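Sharing a structure with you now.
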Amino acid sequence: MSVRRQAGVVLANTGLEVKRLYSDRDDRVLFADLCFQLDAGQLVQIAGPNGSGKTSLLRILAGLSSRYEGEVLWQGKSLLKQRHEYLQQLLYIGHGAGIKAVLSPLENLRWSCALRGLNNNDDKILSALEKVGLSGFEEQACHSLSAGQQRRVNLARLFCIPASLWVLDEPFTAIDQRGVTEIERWLSEFVSEGGAVLLTTHHRLSFAHEFKIVTLGEAANV
Amino acid sequence: MSDSGLAKLVVAVLRRDVMASLRRGSEWSNPLVFFVMVCALFPLGIGPQPDRLAELAPGILWVVALLASLLATDSLFRGDFDDATLEQMLLSHQPLYPQVLAKTLAHWLMTGLPLSILSPVLGVLLQLPAKGMLALMVSLLLGTTVLSFIGAIGAALTVGLRKGGLLLSLIVLPLYIPVLIFGSSAVKSAVEGGEYFPQLAMLGVFYLVALALSPLAICGALRISVDQ
Amino acid sequence: MYFDTVGDFLSMGGHGPYVWFCYGVSALVLSILVGVARSRRKQAEQQIRAIVRRKKASSSSTTQH
Amino acid sequence: MSISSTFHKWGSPRWFYQFSGKLLPWLAGLSLLLLVGGVIWGLAFVPADYKQGNSFRIIYIHVPASAVAMGAYMTMAIAGAIHLIWRMKLAAMVMKAIAPIGASLTFLALLTGAVWGKPTWGTWWVWDARITSVLILFFLYLGIIALHQAFENRDAAAKACAVLAIVGAVNIPIIYWSVEWWYSLHQPASISFTGQSTIHPTMLRPLMATLSGMYLFFTWVLLLFVRVEILDRERNTRWVQDQICGESR
C-alpha cells in the first residue's frame, strides 16, 4: 500500500550495484574497493563510525557527488548513462531539513511533489501527513513544529512520492522511540512490496526481514 | 515531458518562492530600505543644490539600484542550500533549467520589481526631471532582471561557501557593467530630451540573452556547489 | 641609434622618468613571475624528496623486523 | 578514436610534464631574446613620435602586456570549458596557473597605461575606452583568483572557476563594446589621440618583436606553473618521485 509504482515500470532483479568504489577527502581515504549489491526487496544498512564516509557514500549513490572512482550500476547500467530514469526511481532523504521553515507541511510537500511532476495530489499529501502523525498540523508553519515533527514532514515524502529505491541518511534523527518503531515498520512494508532501501543509522535496527550491513571505516585502517 | 508539465513545474517553484519570501518579509523589504537609505545619503554627501543633484541623479539611482539588487542576490539559493531543499531540486528527474528560471524570476519579482516601482519616488527626492521618470522605471524593469540573472550565477557559485557575500560582489560586479552603462544612459538621454529607445532596446537584448543563457551557467554552478 | 648622447637617451626629452619607470616595473613584475614559479618548484621538490625519504625509512624499518 | 587518443595523451600529466620539459629552454631563450631585443630596438633606435615625443616608447611593453592579458583570459576560459566537458585535469591546472599570470600582466598594462598618460595627456588616469576595458579585465581576473581561493576543495574550485571564466569570456565582448559605446558618448573633445594615425611602420616592427616575445614569455611561465602544479598533485605517484629523486643523483 505504500509503494505506488508507476504503471509500466517493471523492477529488474538487480537494483543498485556498487563496484570497486573509491572515494577520498583531502588525501584521506574514506573507502576503497567497496563492493555491494542492493536488490529489489532488500534493505542495506551502511554502518561505521563518524567520519567514515557514510553520508559521502549516500550522496555519491544519490548522484549528488561525483567525487569517486569506480562504478555504480542501476539495473545493470551505469548511473551516469541513465540519470533521468534513475532519478525517477530514487527518493533521497538527506540529513538536512528538507523543508522550508516558513511554509506549512502541506505547502512544502506540494512543492516536493511538483518537482517530481505530481500535481494536484493533495489527498495523497494529506494521507501521508496523517500517516506520519501530523494531522492537524497541515497548515501550520513548519518553524513552529518540534524538531521531530519537522523530521516527520520530511519523511512524509516517502508516502506521497512513488519510488522504488529509498536512500535515507539517518532517518531516525530527532524521532522518538515510538516513531522509530513506526519507521521500521514502514521500511519493512516497503521492502516486502519489492522496494529497496539503503540507509545509514547508528541505531540497532530491529527489522522483520533479513538485511545486509555494510561497514565503512575499515578500509581507512589499511 | 509535456509543455504543460513544465509550465506547472515553473508555476509551482515560482509560487513557493514568492510565498516564502512574502512570509519572511525582510527578504523583499531590506533591499528596498537599502535603496531608499543610500539614495538619501547622496544629497548629504554632495550637497543639496537641485541642479547638481538632477545632473547626477540618473547615475546615482542606477548605481544604488544595482547595489541593492546585488545585496539581495546572495540569499537567492542560500536558504535552499542551508535547508537542503536545493538537493531536492537537483534530484528531481525534471529538468533543472525551468526550476532555476522560475527561482530567479521569483527573486526578481520580490526585489527588482518593487525597486523599479519605487524608483520614481526616489527620482523625485534626487530632483530627477519628470521627463526621465518613465525611462528610469522601464530601464530598471528590464535592467534589474538582467542583474538578477547575472547575480544568480554568482550566487550559485558561492552558495556552498561560508563567506559568500563579499566574494559574490567581487565576481559579479564587473559583469554588471554593460547593464549599468545602458540603463543610466537611457535615463540621461530622456532627461536631456533625447531618444532613449535604443538604450532600452539594448537592455532588451541583454534581457533575452541572459534569460536564455544564464540558467545554463546557474545549473552547472549549483551542481558544482552541492558536489563538495 | 636615434639619440645623440647617452644623456639624451636617459632623459628622453624629459619623458625619461616615465619611460624608465615603466620598463623597470615591467622587468620587476616579469622576473617576479619567473621567480615565484622557481621557488614553488623548489618547494614542491623538497616535499617530494621528504615523501620519498619517509617511504624509504618506513620500508627499511619493516624489513628489519 | 584518434581525436580521443590525442586528447588522452595531452591530458596525461606525465606526458605533458616530459614534453614541456623539452620546450622550456627554447621558450625561455626565444622569449627573452625577442623581449629584450625588441625593447632595446624600440627604446634606442626608433625615432620619436612627432606628437607625443618619447613617451610613446612605453607602447612596447604596454601593448604586449594588455594583448597577452586579454588572450590569457580567453585561453583560461577555453581551458575551463575543456575541463568541464572532458573532465581533463590538466586543463584545470592550466586554468589555475593562468589566473595569477594574467592578473600580473593586466596590472602591468594598467600601470604602464597610467604612467604613459601623465606626460601625454597631463593626467595619470583617463577614463578612455581602452584603459577602462583593461581595468575591467583586471577585475575579472581578481574575481577568478578570489573564487579559487575561497574553495577548500580543489576540484570544486577548478569547476567553479571554469564556469566563471566561461561566463566572463562570453561577457567580455559585450563589456568591451559597451565601454566603447559609453566612451564615444562622453568623449571630451580635448583628448583626440588616436593610435592609428601616428603609428609609423618603423615603430611597428619592434612592437611585433615584443608582442611575440610576450606571448612566448607567457607560454614559458605558464608551463613553469603548470609543471609545479603537476608535481604537487601527483607527488604520491612513482613517476614524479623517480623524476625528482632521479635528477638529484
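All chains are identified by letter, namely A, B, C and D, in their written order; residue positions are counted from 1 within each chain.
Convention: contacts are C-beta pairs under 8 Å (C-beta built on N, C-alpha and C of every residue); 3 or more make two chains touch, one makes a residue touch a chain.
Note that this is a predicted model, so its numbers are computed, not measured.
**Student:** Mind having a look at which chain is the central one, using mean CA positions?
**Tutor:** B
**Student:** Sort the chain pairs by how many C-beta pairs are in contact and tell me the top one.
**Tutor:** The largest set of C-beta contacts joins the chains C-D.
**Student:** Using CA atom averages as chain centres, what separation in Å is found between chain C and chain D?
**Tutor:** 17
**Student:** Using the average of all C-alpha atoms in each chain as its centre, how far is it in Å between chain B and chain D?
**Tutor:** Here the centre of chain D sits 32 Å away from the centre of chain B.
**Student:** Let me have the rounded angstrom distance from the C-alpha centre of chain A over to the C-alpha centre of chain C, please.
**Tutor:** 54
**Student:** How many angstrom lie between the centres of chain A and chain D, each centre taken as the mean Cα position?
**Tutor:** So the centroids are 48 Å from each other.
**Student:** Which parts of chain B, given as residue numbers and ranges, touch two or more other chains?
**Tutor:** Answer for chain B, listing residues that touch two or more other chains: 227.
**Student:** For chain D, which residues are shared contacts with two or more other chains?
**Tutor:** none
**Student:** In chain A, which residues are in touch with two or more of the other chains?
**Tutor:** Residues 67 of chain A each touch two or more of the other chains.
**Student:** Show me the residue ranges of chain B that touch chain A in the complex, using the header's touch definition.
**Tutor:** The touching residues are 5, 8-9, 12-13, 16, 19-20, 23-24, 79-80, 82-85, 87-94, 99, 226-227.
**Student:** Which residues of chain D touch chain B in the complex?
**Tutor:** 84, 136, 139-140, 142-144, 146-147, 150-151, 153, 156, 159-160, 163-164, 166-168, 170-171, 174-175, 177-179, 181-182, 185
**Student:** Quick one: in the complex, what on chain C touches chain D?
**Tutor:** So the residues of chain C touching chain D come out as 1-3, 9, 12-16, 18-19, 21-23, 25-26, 29-30, 32-34, 36-38, 40-41, 44-45, 47-49, 51-52, 55.
**Student:** Could you list, by residue number, the parts of chain B that touch chain D in their complex?
**Tutor:** Residues 153, 157-158, 160-161, 163-164, 167, 170-175, 177-178, 181-182, 185, 206, 213, 217, 220-221, 224-225, 227-228 of chain B touch chain D in their complex.
**Student:** Where on chain D does chain C make contact in their complex?
**Tutor:** Chain D residues touching chain C: 35, 39, 43-48, 53-55, 57-58, 61-62, 65, 100-101, 104, 107-108, 111-112, 115-116, 118-119, 217, 221, 224-225, 227-228, 231-232, 235-236, 240-241, 244-245, 248.
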